[in-house]
Amino acid sequence: MSKTIKKIGVLTSGGDSPGMNAAIRAVVRTCAYHHIECIGIYRGYQGMIEGDFKEMGPRSVNNIVNKGGTILKSARSKEFMTPEGRKKAHQNLITAGIDGLVVIGGDGSFTGAEVFNSEYGFPVMGIPGTIDNDIYGTSFTLGYDTALNTVIEVIDKIRDTASSHNRLFFVEVMGRDAGHIALNAGIGAGAEEILIPEENLGLERLLDSLKKSKASGKSSSIVVIAEGDKIGKNVFELKDYVEANLPEYDVRVSVLGHMQRGGSPSCFDRVLASRLGVKAVESLLEGKSNYMVGLSGDKINLTPLEHAIKNHTEIDRELLRVSEIMST
Amino acid sequence: MSKTIKKIGVLTSGGDSPGMNAAIRAVVRTCAYHHIECIGIYRGYQGMIEGDFKEMGPRSVNNIVNKGGTILKSARSKEFMTPEGRKKAHQNLITAGIDGLVVIGGDGSFTGAEVFNSEYGFPVMGIPGTIDNDIYGTSFTLGYDTALNTVIEVIDKIRDTASSHNRLFFVEVMGRDAGHIALNAGIGAGAEEILIPEENLGLERLLDSLKKSKASGKSSSIVVIAEGDKIGKNVFELKDYVEANLPEYDVRVSVLGHMQRGGSPSCFDRVLASRLGVKAVESLLEGKSNYMVGLSGDKINLTPLEHAIKNHTEIDRELLRVSEIMST
Amino acid sequence: MSKTIKKIGVLTSGGDSPGMNAAIRAVVRTCAYHHIECIGIYRGYQGMIEGDFKEMGPRSVNNIVNKGGTILKSARSKEFMTPEGRKKAHQNLITAGIDGLVVIGGDGSFTGAEVFNSEYGFPVMGIPGTIDNDIYGTSFTLGYDTALNTVIEVIDKIRDTASSHNRLFFVEVMGRDAGHIALNAGIGAGAEEILIPEENLGLERLLDSLKKSKASGKSSSIVVIAEGDKIGKNVFELKDYVEANLPEYDVRVSVLGHMQRGGSPSCFDRVLASRLGVKAVESLLEGKSNYMVGLSGDKINLTPLEHAIKNHTEIDRELLRVSEIMST
Amino acid sequence: MSKTIKKIGVLTSGGDSPGMNAAIRAVVRTCAYHHIECIGIYRGYQGMIEGDFKEMGPRSVNNIVNKGGTILKSARSKEFMTPEGRKKAHQNLITAGIDGLVVIGGDGSFTGAEVFNSEYGFPVMGIPGTIDNDIYGTSFTLGYDTALNTVIEVIDKIRDTASSHNRLFFVEVMGRDAGHIALNAGIGAGAEEILIPEENLGLERLLDSLKKSKASGKSSSIVVIAEGDKIGKNVFELKDYVEANLPEYDVRVSVLGHMQRGGSPSCFDRVLASRLGVKAVESLLEGKSNYMVGLSGDKINLTPLEHAIKNHTEIDRELLRVSEIMST
């Protein structure tokens, strides 16, 4: 039987995402609710190694539910990838009396947590925080819904000018390995065509699609492109290619970049963060370890960290069809 | 075997909600994709009775995916509640060659559709469009997610001034019969207490909760109240009651009202609208009738209109507990 | 000759407004830039009386330029209206070594500052912070521009639903004594008619205007009403009156309330706050006292506090005409 | 004496900007108010050459006051730079009975208007519509205030992630020849340093400033850079340069691009558009020609087109100092 947890550490790690602060708040307040101490660990695993800790009570997380970013800061730690680094980190946790850990982050952060757990048997729980939505075991990662809204609000603005000048815009969104943002924001923004890492539509199809669009009477168009698309050209080369092949088009490029990671979280992300935070802490208190909490249908469930790391959430292929129909 | 559908009518009915335009667009473009004609019917059933029809091609729904409200307008029709009204409506559909109907609306609109179908055997499909999220058969109604974001953005602003003056605010949100908006937006906005129609917490508990909040060091608080809460006092009476019993509190009231129905839809609502519109039209084309399309987990499914009307989506009681923990 | 200022106190007083934090930041950093100490005084004059002071360096105002509300909190102090209260306050300033004061607030706050200065000869400078824009000596008060944007964003949402249902909305905005918000937001939101405290158009004209609007083919309309309008009926009585006299109209009411005071400040308000803060501190350092800093044309200027208090900014009557033409 | 104007044409030309639609609406409704006919000319001067005209009554501009872009579309016309092009355009105006022209656009558009006026004596009035705010004769161009808000909202999001990771961001904003956007949005967004076309601070000063920033305890910073800055390196080269010289910095680049031209106009821009539209039409009706309407202080005034074209609005050098103080 696992010994009773009395003090929980919480950290954010990897790329930040909207909702991380709401999740920190949920972890801190759930600890307080159960009369457990809570320690904030700064700058992810690096702060764990350096002992950058701070006690957190329910009032230390006032007025952060609606703030983007993470008050605990985030970082990527090379040192934590070494056994020596992890040894120091473990020593610091022991010294501080921390006996359970909640890690808010993505794949890489969970891998760190799992290795740490396997070496020291230290109780860990993961909360999926990344805008990319590519983590297996949850239908929504924290920050994904907010990022989608950020993207469509920007494309709505771009559409104003595209439509005033009868122009074609290529909009690059985040997603090195996963097309979730591109696919959903593309449908939401009414994109003509969507290029994602999971599927190589080929350059011919893009040209065809743009030709058809012109023929069907559309005066302006948006193409949404994930960073990691497989078309073999970056977004600026693609512009040149299309302009060379379809001289009737005047193409503009917009690379949205890091703004997609920031901003006040959507209601969906705030509620999700609250539910995940409660579940993560209460699961540790029930003696569970080495799981990620996630959303499945309408319920919060647990997925072994190992599975969350090894697998990926596939894109919903129905959406590719919806996108095609919508661009009629 | 059902005869083949060749011309589909689409209307919006009842209270409008963000995403209705995106759903109209989806219906129109799915028709075009399948080389079916599509007719827009203005002002809901009333326009059906008056023959207020307009042919819609894929270009008539350009640039509306991001617009609040409904370009087809909405209305409540008393005449359609009479057999004579429905007879006129049916005659108009026949005259116009319309042989399938997509109704975007809520409970009342679906009841109209079902009666119409039962009397004339006319193929109908429902798309749940209402901000209240109280329709059985879908985990999200169109517009609900947008309304949640509208509410928390406003409460975020109210919190600025509440917190600057150490004040208590009572914020009334929509929801005569259902507490979904209050409960989720309340958690999202970090409310101290949430009053909903489904549960009478009692006045004593509200006072206790506010006393505890003061004692725990909170300087300002928000209480979110659904229109239809069961506490037996309206929001202004409640203010007087609390100020009489807890003189340390200076209460302000804010009634959010109709702004909750408007605004550009969230990405979630736009994608949902697109998926529901595709499914509604393709289901009619497959010979199905008398269903509502809805979201179940990650999939679009069908629920018999009869069930959608008779049942209601319960609030998630786990959220009441999350709310309580979050206000620690 | 005035003695050299070495330590400046800053406080916010009266109703809060967006941009107050940006002004606090500007005061604090201008002090740091000139190697002067800066003390934050909490809860306005009440905190001055209670000695609720905190030293502020340039890093204590990090990341607040974009936050609504005021980190120094605000309050109305009855005690400061008494000679005893002001005596205590003065004693506290002397004890803390504060020898100059920047007051961010409105009319009432400036009156307090002027009395305090007249009694103790204490150097004071005022920064106009109020959403109402009714302070003489500046063409824009801090927070006014943000409040205008808040109002039109909400009315844009209301218009979505108004236009979907062919309805008339009465929208009440802040402004007990001044119609600046109503007049400008009314024009910005495309209101049919605007009711302000400065001018009693009379009920007949409102009915005429609404009749004309219907006749001209408008299907929905917005009337913007300042709290302090002179029409002699509150907004709910007005609804009843219009519905009784123009039965073709279905009127809805929306009272915007305190949300108008909150929210992230607009760029205009942030830049204005920065300029006013610099000028307030540097004027004190130059030995000036008893002035308000304000915007005149494109320049920051000084107005004696006495004038700022006794006079009011008139509404621009040209705008009444613009509004009438726009509702053609 | 000038003959009486009976039919006014209105067009938008050059890069679009938020508020152009509000200005079109104002022109159309002011014509209606004065019982003058109004003709919308599509795609700027090119549509004038092609006779792409449409009659516009007060109801044709319903619900556009809040829309970005321009419903009349915009374009740059090479043909209008030739005498033959202008001759065709003039012929079309005469044929359509148009006897006055309102041109909404920037420098280039005004040059076209002036040449056209000088050749044919055709009455023209200019409305300054461009986000760059570099037009002489008005303290605000249409769309500039909205663009500032768009930029700071995006930088607020970037700041969330910058601050979570202790990073430095270079944000490139529009402004090939003018630093108004960079300077004001930079102050509004709390930028560490601002690079503008009007002033070459030099690379040394940038490095110094960043070193000082680190030393003063700032963990993250934003540098705002106008497209046309004079530092001699593009934003990506600048990143490499800074990282080479200050290895303690991890720099990210964000190029905001065309989103700055779109979006729903701010209240300021909507009111300004309404006032400018009224003045432009009424000035034509008074027999005036060859002027630009603009904002001077709080009043709308006229500037000869010739002056508006030849001069430029200088940046306010006081703001450079404010920016320096604010980054203390």
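Side notes on the structure shown:
Letters A, B, C and D mark the chains as written, and numbering starts fresh at 1 in each.
As a convention for this text, a contact is a pair of C-beta atoms (placed from the backbone, for glycine too) under 8 Å apart; a residue touches a chain by one contact, two chains touch by 3 or more.
Owing to the predicted nature of the structure, the values given are computational and were not obtained by experimental measurement.
Of all chains, the one whose Cα centroid sits at the greatest distance from that of chain D is B. In whole angstrom, the spacing between the mean C-alpha positions of chain A and chain B is 28. Note: centroid distance chain A to chain D, computed from Cα atoms, is 36 Å. Chain A and chain C have Cα centroids separated by 39 Å.
Contact of a single residue of chain B with at least two other chains is seen at positions 156, 159, 163. Counting only pairs that meet the touch rule, the chains in contact are A-B, A-D, B-C, C-D. Within the complex formed with chain D, the residues of chain C that make contact are 25-26, 29-30, 32-33, 58-59, 62-63, 65-66, 139, 145, 148-149, 151-153, 156, 159, 163, 184-185, 187-190, 216-218, 264, 266-268, 270-271, 274-275, 278, 296-298, 300, 316, 318-319, 321-322, 325-326, 328.
Chain contact summary for the complex, chain C toward chain B: residues 12, 15-16, 18, 20, 67-70, 73-75, 150, 154, 156-166, 169, 252-255, 257-259, 261-263.
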